[in-house]
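In this document, chain identifiers A, B, C and D correspond to the written order of the chains, with residue numbering beginning at 1 in each.
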Amino acid sequence: MLIEVLIVGVMVGAIYSLVTIGYSMVYGILKLMNFAHGDVYIFGALLCYTLLAQFHLNAILAVVLAAVAGGLLASLVEFIAYRRLRAAQHRMISMITALGAAYVIQNSSELKWGNQVQSFPSLFPADHIVIMGSQVSVTHIFTLIIAVVVIVAFNLFLKYHKAGKAILCVSEDIPTSSLMGIPINKTISVVYFLGGVFGVLGGVLYSASYNAISISMGFRGTIIAFTAAVIGGIGSMGGALIGGMILGLSENLISVYVSSSYKDPITFLILIGILLIRPTGILGRTEAGKV
Amino acid sequence: MALLETRQLLKHFGGIMAVNDISLTIGEGEIVGMIGPNGSGKSTFVNLLTGLYTPDKGQTLFRGQDITGMQTHRITSIGISRTFQNLRVFQNVSVLTNILIGRHCQIDNPLWKIFLRPLAARKTEKEGREKAINFLKLANLADRMDEMAKNLPYGEQRLLEICRALASEPALLLLDEPCAGMNPVEMDTLAEFVRKIKAAGTTVFIIEHNMRFIMSVAERIIVLNMGKKFMEGNPKEIQADSGVQRIYLGEEEENPC
Amino acid sequence: MLKVDGIYTQYGKIKVLNNVSFEISAGEIIALIGANGAGKSTFLKTVSGLIRPTQGRVTFMDRDIQGVAPEKIVSAGIAHVPEGRHVFARQTVQTNLEIGAFIRSDAAEIKKDIERYYDIFPILGERRNQPAGTLSGGEQQMLAIARGLMARPRLLLLDEPSMGLAPFLVNEIFRIVGQLHEQGIAIVLVEQNVKKALKITQRAYVMELGQILYHGKSSDLIEDDRVRKSYLGET
Amino acid sequence: MEKDAGSLIQNNSSKSAVVRRILITGICAAAILGLPLVVQNTYYIGIANFMIIYTILCMGLNLILGYTGLLSLGHAAFYGIGGYVTAILMTRHGFSFLPALLISGILAMIFGMILGIPTRKVRGDYFCLLTIAFGEIFRLVAQAWIPFTGGAMGIVAIPIPKIFNWVIRSEVDFYYLGLILVGFTWLSLTLLIGSRFGRAFVAIREDDLAASVMGINTPMYKILAFSIGSFYAGLAGSYLAVYQTTITPSSFRLEESCLMIIMVIVGGMGGMLAPISGVIIMTLATEAFRSLAEYRMLIIGVIMVVVLLFRPQGLFGTAAFKD
């Protein structure tokens, strides 16, 4: 029992990490709470659902198409709702436009797909294997592997590719990055795009492993990304991983051993606790203000 | 007794000693200036005095009372008021309201009184308002009191900020680079205003980059360099000192160490 | 090479630059001096595109560049080493240098350049895999200069390279600046160490309250009492 | 049109202006009081009653957001606390309406005080996140704690309120009850805003640091603004409970908090009466699209983005956000 819970927890944690990475990156660069993140991810996942269930597309093709669409939507949101506000405006304004954007996406998705829970087709064979005496579904194993591979690949990209390095530099210091010749607006669009892609991947994996999808998962996705990012230290890649894992594991343990209806309130409580006790997160750095 | 005294004040950020062992006194009724190149610790020093930073070591005494580590709003309420290097006037309220906010500690209206004795509270407000207008008259801003602060020209906003600090009726006024961004004409107005403040009995402590201004206004000047007190003296002595020239103009000779 | 013609710049309501004109030819080294708050850094930022001037023209190699985005100005050949160094503290020394060459795509040459700067600044070579934030102030300054040079600029804008450094490092930095000049890069040097700056430059502009007060040969200005006055006030 | 907190105690306007002002106020007051005499259709009175609820909510939120500059996305939770407290007190403990109303307000205020404490430590955007988390916890707990809150079905059959001999039963009765609450809210807030407290709030919004240098104990004042604003939300919730006779968690979703925020912003932050215009505009806008109920959040979302992009100071307000 425990082994199974832990494996599912790690899998959910890996998905959460994937969703958090994009969120955290955006925050790292623009210091903007991107409320639309979860709605982009659920939009992509629903799109993938339609492609699979209605058009019977090849699974890989459907996932790629949905991820690209989610990425484009994310960069579109940035272009319309945030870019104008970036220069010398109060952070709160972009927070509210972000919320507005979230509602627009959520509501439009709802008009298309309704607010019912729909059954998401399986992407992997419904087999089980036995690990240390527990039955573990192959779906969970595959999901975990995919999430880990994507995360590792992205980290390698950031570390070794020129464009990845540029993203890291922009997230540290925008004006100086522009002095290096890095095109700032383009980089930010790319970051949003990648955030959307990873979000959709996470959404698809999550829906596929539970065989269910509904619009209400969008807002939850945003909150999960927030919380995981804050736990690990917002803006930090390693932090996104740790935060996602902590959240995925604790959520599954709570559902199994306490009650699934308290799993979300407890997630929020963790968020409040972290914000009060260590607002910079576990791996976060404190930013020194100057008077 | 000195009005303000610091004893071996020390503050570091990471490995950088921003303020390193500064002891000084400011006497009642003086105009004291503080100069030093960029990064010499002047602003940090003022922030230590007003409680925005807490010193790592040392003490600040105000009228003999230890105020080290006291919260900013408490320090203001016992009589130290300040302005900021980068103008911090409340932009979206009227000029008069700026002054009234400055008089926050002087208007004695507790919360219960506002709800339970509204008329009495209103009377206190009115008196506060009249006093506030008097402060504006000091800086010739009284006829613009209903204007939004952001609509004033830059130089007047700087005067308004000083007025606002004065409105709390401080014993000691700290001006952090009051000339920044001003043109020569505005500086002359400012110099005159500072002398007026002193004549009215307020002690003034000024941090400033602009030498012409500080030399013409301050009676005594303290020079900081790399977080330490380098020297202190009257403007003539400071200008003539070869050490100060070296700080500002650099070394001519190659110095192996 | 660079010609600045009557620019005005302001931050909100504060007028920082007031009709500033300036000129530098290829290979020249010029000091820009003046008391704090005179507008020197703002001037450099206006040239490198971080701030837009409200009026006036900036031409570089016969091309108008006022109001052009900073990333394009780098490609045109101007590198700006900002005041306070601004190295990317979380990235390694190596990455900082690679990012300095962002506009270039000649991988082999970039590698060579990096090695060259490791030769010039051996301490950077030793620490190539350390995050730049762990370097000392002087090392960060060297890194910032090397990073600026990685773009192979024709004009280098150096803002207060000696600030906050110990005296022996100041000498080191000045020696390096001199070397760069000998390699044919045009340099605008903003410096608080006036005497040293005047020693290694050919010409100098003196700023006060957002204006150029006068300019002339550096060797003449060293003895000029006006310079002393603008720093220490009138006696 | 440019007004600020200080000018509320205006006394040097000319005689004729004062007369005109009294006249306009009188006409408005008469129109509002006489509305039920002219409009007989209870459906419209019902809409007016919801406007009244949002007016109380938004006036309280305006103190928090417009005057003090704290972005709270948990206002619906305080509204809900008021609703549940009244529902529980009246259905299970035999309280009459007035004490239940008062206790609802006070409990909401106490929760506001507790949630306000972190404002001293936490940055603006994190604080916003805290309020979201608080609001969601409130709603989820209300949904999950069935024995106490009735779960998703909520609490039903809340008794008809009575104030002394006045039985409040019809839409029109509730209309006047609402007006009394709005009047109380407006009067008490006007007194507060016109005082040094109101100025302290504005100072914090404009520049936290400069405010503390003016001798303002900024953390304490933020908690004060937050808890007082929540008090009014508690009153509004209490009113909602007796008006609807049922209370369910779905009335207190994050969307409600967003709607209140957008009402305050559309109206223009930082003016006493400005939120009312936001309430009217937003209620009418969503009411006009009632047949397209599923578009409601879409419309609200679009308005949020458009207003903030093009007129962040609101349609009628002056207090723009400041960093």
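By our rule, contacts are C-beta pairs under 8 Å (C-beta built on N, C-alpha and C of every residue); 3 or more make two chains touch, one makes a residue touch a chain.
Remember, it's a predicted structure, so these values are computed and weren't measured experimentally.
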Remotest chain, chain A as reference, centres from CA atoms: B
B-C compared against A-D, more contacting pairs: A-D
Inter-chain centre distance, chain A versus chain D - centres from mean C-alpha coordinates, in Å: 33
Distance from the mean Cα position of chain C to that of chain A, given in whole angstrom: 41
Chain B residues counted as touching two or more neighbouring chains: 52, 84
Contacts with 2+ other chains: residues of chain A: 291
Chain D-facing residues of chain A, complex: 31, 33, 80-81, 84-85, 88-93, 95-97, 99-104, 106-108, 110-111, 219, 223, 226, 230, 259, 261-262, 264-265, 268-269, 271-272, 275-276, 279, 291
Touch list for chain A against partner chain C, complex: 162, 165-166, 168-169, 172-173, 175-184
Chain D - residues contacting chain B, complex: 2, 4-7, 9, 11, 188, 191-192, 194-197, 199-200, 202-203, 206-207, 209-218, 224, 270, 318-320, 322
Chain C residues touching chain B - in the complex, by the definition given at the top: 13-16, 35-37, 160, 163-164, 167-168, 171, 191-197, 199, 209, 222, 227-228, 231-235
Residue ranges of chain B in contact with chain D within the complex: 50, 52, 71-73, 76-77, 81-82, 84, 88-94, 96-97, 100-105, 107, 109, 111, 114-115, 118, 121-122, 125-126, 128-129, 146, 148, 164-165, 168
